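The structures considered in this document are given below.
Shared between the two complexes below is chain A, which pairs with chain B and chain C, respectively.
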Partner chain A sequence: MSIGIRVALGINQADPVFRRRNQLRLVAFLSPLAFILLWWWVSRMEIFPTQLLVSPDAVLLAFLELLDSGELWEHLSVSLSRLGTGFLIGASSGLLFGILMALSRTIEDLFAPLFQALRQVPSIALIPIFILLFGIEEVFKVAIVVKAAFFTVALASYESTKGIPRHYFEVAQAYQLPARKLYTSVVIPAILLPVLTGFRIAFARSWTILVAAELLAADSGLGHMMQMGREMFRIDVVMVGVVLTGLIGFGIDRIFKWGEARLIPWRKA
Partner chain B sequence: MGGSQADTLAQGMKMTTQSLSRYRFLQSGRGWLFPIALLLIWECMSRQSAEHAYAFASIPQIYHGLVEIISTGELQQGIVASLQRAFLGLLLGGFAGFIVGIIMTQWRVADVIIGPLYHMLRQVPLMGLVPLFSLWLGNGDPSKLVVVCLSAFYPLVLATYESLYQVEVKYKEVGDVYKLSRWQAFFKILLPAALPNIFTGVSFALAFAWLATIGSEILFSAGAGLGNIMMNAQAASRMDILIVLTVLIGFLGYGMNFIIQRTGRYFFRWRNLR
Partner chain C sequence: MPQALVGKEISMSALNTVLSFARQQAPQYQLQDRVQRQPGPVDLAIQRVGKTFQLAGENLNVLSDINLDIRSGEFISIVGASGCGKSTLLKLVAGLDTQYEGDIVYQGKRIEGTDLGRGIVFQEHRLFPWLTVEANIELAFSATNVSKPERRKRVQAQIDLVGLSGFEKAYPHQISGGMSQRVAIARALILRPQLLLLDEPFAALDALTRLKLQQELQRLWEHQGLTTILVTHDVEEAVFLGDQVVVMQSHPGRIKRIVPVSLPRPRIRTAPAFHAIRDDVLTDFV
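After this line comes the complex of A and B, so read on.
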């Protein structure tokens, strides 16, 4: 993996001592624990007004309260279904488009310039235009996730299919592989790992962009919950949202990582 | 693990396929087919009815919108404000990240303390922190700057850390042979060897900082900047201005990336990679 991809994913490959040695693993929990204790102590001392800094147990209470009222589930399920729908549409069409663009010269000639030009526009800058085009309803949020996922996955699959060594195809030709067999036993295995990495990056981007879109215009979802907390000066609700967005992003990234290790046993990510 | 050489090779190959295909677009001319068709469809849609014209601005309208925001000086002001924010954030956040990355590789204790904390805090999507910062620091420039700084900080910590760790052992051994002190070895051997990779991190940090600049300007309502102009245009349903600004943001991002790639190639030409 190049340093750029690792930076984009936030993967630390260099193994520090404490992660290499098993008995030192627990050390990794020390500083987060100390951080939370410090947070608790500072809020207890009331150095900052309570409207600005709430204690960790108040955040936990707010979390339980939101959970009890069922409000949290509603926001969470709405956000996740938007993310799921958008990501599924965007990533699958991006994958197909990327592979086709790399393999067919006609498609590449027709679409690649447009693709490369549109790719330069960051998704977040498209939010205002998407609001005008699609309104502020569901379509807008799903569309922005589709955009974010499509371009990232399409680029990853395009670049990796282009990067398949020419002699792979020559071998396939020598064995007179039928077209379908060519895809299933040459193209797909060759691009699996970089494409999965593309999926991970695309997912992280989709999640960020969805939270931003929900902060701006939504009547439900985690971003909307935080926005309401901000407007009502309920910093505990905002903190619940911050922690949850972090946990969800982390959790789904772990799923992708697990999938990488499962699907590609011959190469450890 | 010898992966770095393979990586640079892969990057080099990617570059050639990219540049080759880029030249082919220009030669074939077929690449213009779809953009032009799209523009024509857009133009037709904008002339359909008043309702359509609201969502689809016609090309003359876009041109007038451009002239309008240039003549009021709004555009120039916004470009300056946004670029300033991006570079200031890159400078402050990036430098802090660079220092933290160095500290983490040089002191094991710092690594154990900062590492897990860094990975914990980094999980939160930057835009998710916007409501928190708006409560703490308000809706103005300080909040935006903090978001941009963070966006540059995270990648540079990681890039610095990784690049310093990946310096090959044989270089370090040369330092041992010359009996260099720890700091001499760091400044004479480790840092120069790691710099090209760290610079890759800087180019990523710049891209992230630009995204964060536009994002924070869209989400924090107060102040000047391209994102703020966009939100005002969105509130006024001015599609023409939105299109001008979106294209401009894309161009500025592309231009900055181009410049930093060129700079990197110039500075690290001794490394003879590409």
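After this line comes the complex of A and C, so read on.
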């Protein structure tokens, strides 16, 4: 009996717990702060040569300097526009392709084996081929982002569409839902949550692969800025790039999570 | 103290509460009984129906030679152990599965697919978790050309009828299992079907809620003049609600016999005549 009551209470309490989990509390800043302190302490102790491990305050100075000269904004806007274009193309086509492949037997038979094989190829392994095919200009960088986003989102939407319970389709059949209604009221809401998770993973992959591609071959962008910094032995500039890459990835991930909570009011805790 | 005993005590006292409630309501029901229509012409004819599934290369005969005539306005209960094919039969009548032998003729036409004139309620409520109570019910109108204000009006009336006023904007996860099943019943009734199919609709509910919903179902049936087929494994439920109880047997699924229940409504579960029929049906299973 008491177990049942506790379970019941647990269910009632689940909602605020979920909300709290979605908000950053003050303790969340403890570990980054400790990490910066450790970094600062290690660099002060000069365990590594100062040219190699620069202190956090030097990185902050470099950041302000880059911000002041406008150089940072230039690189950042180029990177973000590549990311935006590539992600938009890759994610939207991946979403559509995944749903179609799950709902149409013909498309599944035709493309599923090729799709499953291609998605195993790491994006980074494709960089040399993409450079040969598209050159080292913009097309190559956007293409590699498209690839990273497309396969991740397509897999998420394919698997989740396949996983829609048959029950739902029986209800749709009983009420003879028109095709458009079937998509807007059943298929899309049913896959929204897993697809949004797919978006988040795809975004993280797109962002990392873009920075990697810019490190290898670019004349602008955040990766290029880091590469230039390394060549000129400006480790502080490299570190600005590292920190920004992390912060931007984290920030956009938070935006996705926020959107998730707003888009899915029916989600249980 | 043994858990089983505790549970039994609770359900007995609960039963008495519900029963005394039923007795209070009795005069009202008897009034309606007097105006109750006579069984009409045969509405649904199930003729020599069989169904075979392919399972790992082998043929599994789940239904064999089912013959049943159901008259307009009748309440038919189908009881049987799990696996006797009773749910399969209901699916065939709903038109969700059209691969079968024999004929199921509804209002003069062989069933070849679903029909908005035949409503169905499943064991699980099958509401869409992303739609509110009213949106779930309104979804039933998708294939009709009923106007938007008319839809609104009828949804509200149906929600009031199943006693869920105030929960129009709630999502399924915010309401109880019993309430969800009421929404499912409202969804099945909103298009005013002439035939209502119920596939173990109360099996997943607790004993108290089940008794309450059985009463409500009886009220709705009397109120709306529906022909109803209820599939259940609960013999008491079958006898409480049905004009006839169809007893099914397994391997292959077939009709063993049909027991008429000619007790006046509402039936008193503690009455000797009720017990006699229930015990008679139970002998088929134990």
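Going forward, the second predicted complex is superposed on the first by the 225 of 269 C-alpha atoms of A that agree within 3 Å, B and C clash if a C-alpha of one lies under 4 Å from a C-alpha of the other, contacts with A are read in each partner's own complex, and residues count from 1 in each chain.
Keep in mind that, in the parts below, a contact is a pair of C-beta atoms (placed from the backbone, for glycine too) under 8 Å apart; a residue touches a chain by one contact, two chains touch by 3 or more.
What you see is a predicted model; the values in this text were computed from it and never measured.
K.L.:
Go through the superposed model and pick first if A:Ala202 touches only chain B, second if only chain C, both, or neither.
P.N.:
Neither partner.
K.L.:
Which of the two partners, first being chain B and second being chain C, lies in contact with A:Met226: first, second, both, or neither?
P.N.:
A:Met226: touches chain B, not chain C.
K.L.:
Per the contact definition in the header, classify A:Phe35: touching chain B only (first), chain C only (second), both, or neither.
P.N.:
It touches chain B, and chain C stays clear.
K.L.:
Per the contact definition in the header, classify A:Val171: touching chain B only (first), chain C only (second), both, or neither.
P.N.:
Only chain C is touched by A:Val171; chain B is not.
K.L.:
Which partner, chain B or chain C, is in contact with more residues of chain A?
P.N.:
B
K.L.:
Which partner does A:Ala125 contact after superposing on A: first (chain B), second (chain C), both, neither?
P.N.:
First partner only, chain B.
K.L.:
What is the contact status of A:Lys181 with respect to chain B (first) and chain C (second): first, second, both, or neither?
P.N.:
second
K.L.:
A:Val142 in the overlay: touching chain B, chain C, both, or neither? Say first, second, both or neither.
P.N.:
neither
K.L.:
Which residues of chain A are in contact with chain B in one complex and with chain C in the other?
P.N.:
Residues 1, which sit in both footprints.
K.L.:
Sort out for me which residues of chain B touch chain A in the complex.
P.N.:
3, 7-8, 10-11, 13-14, 17-18, 21-22, 24-25, 28, 30-35, 38, 54-55, 108, 111-117, 119-120, 122-132, 134-136, 154-155, 158-159, 161-163, 165-166, 197, 200-201, 203-204, 210-211, 214-215, 218-219, 227, 230-231, 233-234, 237, 239, 242-243, 245-247, 249-251, 253-254
K.L.:
Flag every residue of chain A that touches chain B in the complex, lowest number first.
P.N.:
By the definition above, chain A touches chain B via 1-4, 6-8, 10, 12-14, 16-18, 27-32, 35, 51-52, 106, 108-114, 116-117, 120-122, 124-129, 131-133, 159, 162-163, 204, 207-209, 211-212, 215-216, 223, 226-227, 229-230, 233, 235, 238-239, 241-243, 245-247, 249-250.
K.L.:
Chain A touches which residues of chain C in the complex?
P.N.:
3, 6, 94, 96, 114, 116, 120, 122, 124, 126, 128-131, 139-140, 142-143, 171-173
K.L.:
Within the complex, which stretch of chain A touches chain C?
P.N.:
Interface residues on chain A, with respect to chain C: 1, 167-168, 170-171, 173-178, 181, 185-186, 189-190, 192, 264-266, 268.
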